[in-house]
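Structures incoming, each one as structure tokens.
In the two assemblies presented below, chain A is common to both, partnered first by chain B and then by chain C.
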Partner chain A sequence: MLDPDLVAQHRQELRRGTTSLACLALLAHTPDYGYNLLSRLSAISLTIEANTLYPLLRRLDKQGLLTFEWDTTDSRPRKVYATSPDGISLIDLLRADWERLSSALQLMEKS
Partner chain B sequence: MLDPDLVAQHRQELRRGTTSLACLALLAHTPDYGYNLLSRLSAISLTIEANTLYPLLRRLDKQGLLTFEWDTTDSRPRKVYATSPDGISLIDLLRADWERLSSALQLMEKS
Partner chain C sequence: MTLTDRYIAAAAAKLPEDQRAEVSAGLREAIGDAIDARLDEGLDNGFADAERSALNAMGDPEALAATYSERPLVLIGPDLFLKWKRLTVLLLWIVVPIIAVVIPLAGYLDGDSWGTIVGSTIGGCITVAVHLVFWVTLIFAVLERTGVGAADLSDKWTVDDLKETPDPRVPAGDTIGAAVTLVITAIFLIWQQVYPWAHTDTGEGLPLLNPALWSFILPALLVVMAVELVLVIARQVRGWWTPADAWATLAINVASVVLVAIPVAQHALLNRELFAHIGWPDAATTVTLDQIEWITLAAIVAINITDVVQGFRKARRATRSPG
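The block that comes next holds the complex of A and B.
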């Protein structure tokens, strides 16, 4: 019988390793507010706290992988993040790793 | 221009989150010695040090996700690891997460 804590631990491990990549991929498709990104991540099982996501977005911005513009249509200005050309190059590089990992998983499926 | 250190850092982050899952998937397909598993992991871009892999295999064994048998055909007995039924159940659960993450990556590809 599989221990639920053990499952949670392994899911978290997988999540931690893939959150940056998922953020870059989602924001390359559609630029967004951090707040909206939370629910888009949640829709792909990457449930993450706002106070974990916001520092991550700032880190990716500092690394030049994201850019942002201020949306001032509301009373309070909000950052709209988009993946930069460097971020898109990074996704392309990481996608190759991802594909190889996916092959390993599919290999198991056939066993 | 994408900084090679930054690429390395993000590849490592992805690798860290996916190594356990890859070990379980590969050993579910074909049971193996730790030593052989190193090169099978390396073939899917998961290059990992022996002194990182061996403790991981012992941890997965303690968690009941792997089992092992002693191969005593050689002068020195060697452990042959295989993924346990619980390990296979875990892969099935994590694969659902994986598929959703893959969709996010493919989504980006279409943008």
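The block that comes next holds the complex of A and C.
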């Protein structure tokens, strides 16, 4: 039997880079604030912890891949993030990489 | 102050000044939304419970602050670790042996007792080693935090950095050197007795070493040296070191050190009559015969330790190498 810890570790490694791509892609589609983005990610079974997502969003913002505006319509002010033009260019690059990996996997299955 | 306020204050305290306000506002949003979501789901028992579970899920505020400010949560990262390890080991090998020789020598010349010398040597070595490791580690921790990488400290590793694998065969030079040293020492031991440097007024010879030692110590030493000569030649014939060789070297070295240490401890290695006759050391000299004996013993111990260490290293290398 496979050790569950071992599986979890490999899964985490495989997923690591996909989280930022998922955030950029979802926010390019519809700008959103942190907690809602968490729900949207978990709805497409890309579950991520809040204490990972919020710092990640801030880092992507510092890197110029996201922009944000304070939404003060509610009682609690929220940062609403949207993907910047740079972020959109990065999505295209990363998506192309992902396609390449995916077709490489399919090639391996055929051989 | 609510739990949330305390949590945010704890995280903010670990952030650089210019990021505090912004990250605090972000955290307030994150925690508030998490609490609301938990209340909506109705999993918790009221607000206080929801707040507790939301904050527990956020985890240690200091870890969260480190994630926000992208500060490393390691003292020395994988990039610098090997540089740190190699430098620390190298410096320990250079500095601690020097200290281990200098402190007892100074203590001995000061006329300290044996217990004091052993104590201050062990204490001094530990102190120096701890200091050395601490300061090297501190420097590397600072480098880690100032963004200096391994590439800034030295050139990239290439195959030229591979260590030469030493030939496991016993070099003829080693054997000849060891054999010549043994033979010359043996000749010296006999020669200084048979052809003494000085004679008494009655024409009796005064050898350098105490003639009473011929009753046991010196013949035993010659036997030990003969055994060592046989081992050295046998090793050359065989061609490589074996673990048994290393252990035999250890036994021989211990035996010779003990044989020299016994007369030294009894103040009877050197021939007191000879020195009384030639009148040295006199009132003008600060060295005593005892001191010369102890320094001779110390030198022999140092040579023997090196010999034994080398023996074990060569034996290990020979058993490891495939050839």
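The rule we apply is simple: the second predicted complex is superposed on the first by the 107 of 111 C-alpha atoms of A that agree within 3 Å, B and C clash if a C-alpha of one lies under 4 Å from a C-alpha of the other, contacts with A are read in each partner's own complex, and residues count from 1 in each chain.
Note that in this section contacts are C-beta pairs under 8 Å (C-beta built on N, C-alpha and C of every residue); 3 or more make two chains touch, one makes a residue touch a chain.
Bear in mind that the values here come from a model prediction, so they are computed numbers and not experimental data.
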Pick one for A:Tyr35: touches chain B only (first), chain C only (second), both, or neither.
second
Tell me which touches more residues of chain A here: chain C or chain B.
B
Of the two partner chains, chain B (first) and chain C (second), which one does A:Arg78 touch, if any: first, second, both, or neither?
second
First, second, both or neither for A:Pro55, with chain B first and chain C second:
second
As the complex stands, chain C meets chain A at residues 23, 25-30, 32-34, 37, 57-59, 63-64, 67-68, 70
Residue numbers on chain B that touch chain A, as the complex places them
1-3, 6-7, 10-11, 13-18, 20-22, 24-26, 28-30, 43-46, 63-65, 86, 89-91, 93-98, 100-105, 107-111
Show which residues of chain A lie in contact with chain C when the two form their complex.
33-35, 49-52, 54-55, 58-59, 76-79
